[in-house]
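After this come two complexes, each holding chain A, first together with chain B and then together with chain C.
What follows is the complex of A and B.
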């Protein structure tokens, strides 16, 4: 038994045992044991994934485990990467969940039997999706992942009605996505010898372009909806915020990646690449997701919903990389394809790290205050210094500014796009500059988003009694955040540790050599000019900052200090009501992008009875509806409802009519048989 | 946009020719300003007559800015306070705090009769006193309201231009 299969088996056994423990153990020990189990299973998955990326494949066929199709497991480098990422997220969230599930003062307990038994199963299903090596196994794991995540999303449905609504959206969209994947893969399998990925790989080269295109587009719909790709993202900003925060972290940092995994697996591995238009489609949908997602995040005020939209944005960036890689690969530019794919994969790893951290710290805020609305938070720095530091670290990593983790991957992505300009045909000459602009706009808006989330949510003064009396979360939650935070720091300063392995995986996917070379300090791009040293950059930043501070101290003219009152317009003590809220901070952005966002706002002014010059109360309301959702989903939902109402007219409750239906359908059937025979 | 440009072209320069530099002594602190004075205006309880005249003094016809006087939005940026109106009870503390917020060296100019001696509001129930009763006044501009020429002349004493 090689290390990969051994570690994978260990992960499965530990995961299954923790599910049993969650079902059987009494409440005090339950969440702790399950958390440790998830973390241990995650460690095993990381070991298996890293070993698989190092080139040790493993495969296993269990034909008797399932009727008809059997179970086929195969770990390759691509699957290993996603296995390792899922495992890493599981370690952090497992530790975090030990404390979080107990509920806190204002949070909600989620240590019931059902939730605690489902949690390890969800993690397990996510680990098995990237190692499934046949269509039957893959779909089984995919559906297991969808169902367990659905159960976890609706964990708090008794307490908040919004959870039930989010659960319905998620259930419908995830099952429709499954149907799309199912159709695509079944069409594919019908052209292959059997359902194993090896057979599909052989068949993929002989498919007619139409069938291949059909397979790709249907699977893209299914996988894209799981990845939160606009316009199939409607479930994501609903389900991610309403789920318990450890589940949000798992879904946002690990589950959405598997949508990208599916696109890469089917598009590159099984179908062997494809024509330009596939990848142009992926790239443009990615660009749309990135810009639209971050725009919604920038004007949002719900902390977790904002993070959900940010997930949509980051998956959009990843899809831009995947699309660009496909475009370059189909025009025969292997190195650039490898570079774009490496950028996409590095961004997946980075996103997993910082989104875990961000959702965990958001969960810590919910645990302490019971509130998610940024307008009600503020001042958490005093009561929750560690959570504040964790969120700050995550926000820096997500902002694509040096020295943050996302900076490295977005730099790689931009390098690939910019150097790709002369590489591939006319379509690329039009698309690449637009994609560069989309990435740049996204990066800028991301900074505004996270400055808002951090500054308004954690700094300044508390705007609600809960925020004022917030206390720091228990050590296990802090430890979970520390794991994710350490990963963020490592990825930001030393991406050279992971980049060779990711580059090898990316090169393997698009059949090219390593797209990046690393020396002790520097990342160097192969074949195109470009190098970056994140560690030196960070050191230079720190040195520059220290030099500026020291210089300011040395050269500052020494004047007598004057103690003066903080300027408050002379009117009296500054209060929390004078601060910037998330709504007011985002107002200029909302104004700039009003054509896209179309926020609904109204102002009601109530006057005094005696005089209309005296204002009694001013009420301001703002709603930011998801415009894509309104244009795309509402008509479909209305049509469905109309169809249902029309159908109701057929069933008025009269027995005679039902008997008539039966009689006439039998007659029609008989006539049909007579005519066709 | 085009109409605006046309209007600008047709109107030309409307500022009155600069009158000779005013005579009379200026506050001691004014010497340190070096010809540029940033001014914060405080309405301590004015009827807004003086405000109209101040706006006119800084308008295109009298154009006080050409002599180096400039209105700013915060006392932290200011060298001088331009106080109008009798000090009402509600503005008593804010005026004191505004005065404290102006960095040294600083000058207080009382604009109009109300600021100088409460004018017609003297002894009214909501009036705390004249500006001079609350903060030290360095320069006074008489008038109810003072004409813009008088305001500009007073400000030129501060800027020395």
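What follows is the complex of A and C.
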């Protein structure tokens, strides 16, 4: 047994045992044991994934385990990367969940039997999706992942009605996505010898362009909706925030990646790349997701919903990379394709790290205050310094500024895009500048989003009694955040540790050599001129900071600092109601993008009876509906409801009518038989 | 590490730190003369800094480390860029460390630190300034990166040294449509990034119009000195980049002392000239409404896009 299959087997066994433990153990020990089990299973998955990326494949066929298709497992480098990412997220969230599931002062207990037994199964399903090597196995794991995650999303449905609604959206959309994937893969399999990926790989090269296009587009719909791709994202900003925060972290940091995995696996590996238009489609949908997602996040005020939209944005950036890689590969530029793919994969890894951290710290805020609305938070740095630091670190990583993790991957992505201009013909000449602009606008809005989330939510003055009396979360939650935070720091400063491996995986996917070379400190691009050293940048900043502080010590006066009152226009003291809120912070952006966002605002002014010049009260309400949802989903839902109402008239409750239906349909059937025979 | 590169870095740092308040002084003096005032002389910003440094530091109640570390971090980002960018020499040791994207991101980091400090105070002014500033940053970013894209296409790299060297080798490139369009786009962006008229008025303290000044309202004494120094360094750095990316002549490519001296003089002259033009322009401009700024930036974005298209179709 080689290390990959050994570690994978270990992960499966530990995961299954923790599910059993979640079912059987009594409450006090339950969440702790399950958390440790998930973390251990995650460690094993990381080992298996890293070994697979290092080139140690493993495969296993168990034809008797399931009827009809059997189970086929195969770990290659691409699957290994996603396995390792999922494992890493599982380690951090497992440790975190030990404390989080106990509920806290204002949070909700999620250490019931059902939730605790489902949690390890969900993690296990996510680990098995990237190692499945036949259509039957893949769909089985995919559905297991969808069902377990659905159960976890609705864990708190008794307490909040929004959870039930989110659960319905998620259930419908995830099953429709499965149907799309099922159709695509079945069409594919019908043209192949059998359902294993090896057979599909052979068949992929002989498919007619129409069939291949059909397979790609249907699977893109299914996988894209899982990845939160606009316009199939409607479930994501509902389900991710309403789930318990450890589940949100798992879904946002690990599950959405598997949508991208599916697109890469089917598009590049099984179908062997494709014509230009596939990848232009992926790239444009990615750009749309990125800009739309971050715009909604920039305007939103719900901390977890904002993070959910940011997931949509980051998957959009990844899809831009994947689309660009496909575009370059189809025009025969292997190195650039490898570079774009490496950027996409590095961004997946980075996103997994910082989104885990961000959702964990948001969960820590919910645990301590029971509130998610930024307009009710603020001042948390006093009571919750560690959570504040964790969120700050995650926000820095997410906003693509040095020294943050996403800066490196977005830099790689931009390099791939700008060097692609001469490479891929006239369509590239139009698409690449727009893609660069989309990435840039995304980066700019991400800065605004996270300045808002951090500055309004954690700094300044508390805006509610809960925020004022917040206390730090238990050590296990802090430890979970510390794991994710350490990963963020390592990825930000030393991406050279993971880039060679990721570059090799990316190069393998698009059949090119390594697109990135690393020296001791610097990342260098191969074949195109470009270099960056995140570590040296950070060192330069630290040196600059030290020099400035030293200079200030030398030249500034030695007098001790004096505390003074804030500038309150002489009318003080300032109250929390005078602060800027998240809503007011985002107001300029909302106005600038009003054509896209179309927020609904109501201002009600009540006047005194004596005079209409004297104002008694002013009430302001603002709602930002998801416009794509409104235009695309509401008409469909309304039509379906309409059909339902129309259908109701057919069933008035009269037995005679029902007997009549039976009689006429038998007659119609008989007539049909007579006519056709 | 070569001696030449090290000397270059030190010289660049010294020039940027020492001369950027003078640049502000020069611009204020030009404005004063054109508006018929005598003006305080170009040394006034340095005298202001010295005065601020001697004042007792004041800590506003309820602020934290975020507020205290923002000014030095802002200065540090400017110092890092001043060390890495090709102002005096193309041989900076830090050139492979940071390219144009990294330089832009570093300068944005400084602004973000200041915006967080503004929010940290918990006053309406701080939040207002932070909100406006981040809005402008978010909208500037696409234009800025597309302009960088246009600049990098003829060279095939975004590394600052490579762009400068390429312009030196092929002087005709400077007058190509690509270069001119990108330059105009970049000028608009720089005006927005450094908070000059018509995007922001650095000499206003009226709450309706403040952007940068609202964020830094709570700073006083040495902290304010750092903020002021940093914002003048920011202007110098941006003007220096503009000058050397488009008109790099005079920059030292060899380590001879005379060449370096000439490079220093050329750099100072170019930045002073650009600053003077900016000051003259500002006399005739009024501040735009905040919600008209996106239109200005959209126009500049179109120019950037045209520059990229031109670089593809004219190549």
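Note that the second predicted complex is superposed on the first by the 664 of 677 C-alpha atoms of A that agree within 3 Å, B and C clash if a C-alpha of one lies under 4 Å from a C-alpha of the other, contacts with A are read in each partner's own complex, and residues count from 1 in each chain.
Quick note on the criterion: a contact is a pair of C-beta atoms (placed from the backbone, for glycine too) under 8 Å apart; a residue touches a chain by one contact, two chains touch by 3 or more.
Computed from a prediction, not measured in an experiment: that's the story for all the values here.
In the superposition on chain A, contact of A:433 is made with chain C only, not with chain B. More residues of chain A are in touch with C than with the other of chain B and chain C. When the two complexes are overlaid on their common chain A, residue A:46 makes contact with neither chain B nor chain C. Within the superposed three-chain model, A:565 lies in touch with chain B and with chain C [touch as defined at top]. Looking at the shared chain after the overlay, A:407 reaches chain C, while chain B stays out of its contact range.
For the contact definition in use here, the residues of chain A common to its chain B contact set and its chain C contact set are 562, 564-565, 567-568.
Taken in their complex, chain A has these residues touching chain B: 562, 564-565, 567-571. On the chain B side of its complex with chain A, the touching residues are 74-76, 93-95, 97-98, 100-101, 103-104. Within the complex formed with chain A, the chain C residues making contact are 53-62, 64, 66, 69, 72-73, 75-80, 83-84, 94, 96-99, 101-102, 105-106, 108-109, 112, 115-116, 118-128, 130-132, 134-135, 137-142, 144-146, 149, 152-153, 156-159, 162, 217-218, 221-222, 225-226, 290-291, 294, 301, 305, 308-309, 311-313, 315. If you check the complex, the residues on chain A that touch chain C are 298, 378-379, 381, 399-402, 407, 411, 414-415, 418-419, 421-422, 429, 432-434, 436-441, 443-445, 447-448, 451-452, 454-456, 459-461, 522, 524, 528-533, 536-537, 540-545, 547-549, 552, 555-557, 559-568, 574, 576, 578-580, 584-589, 591-592.
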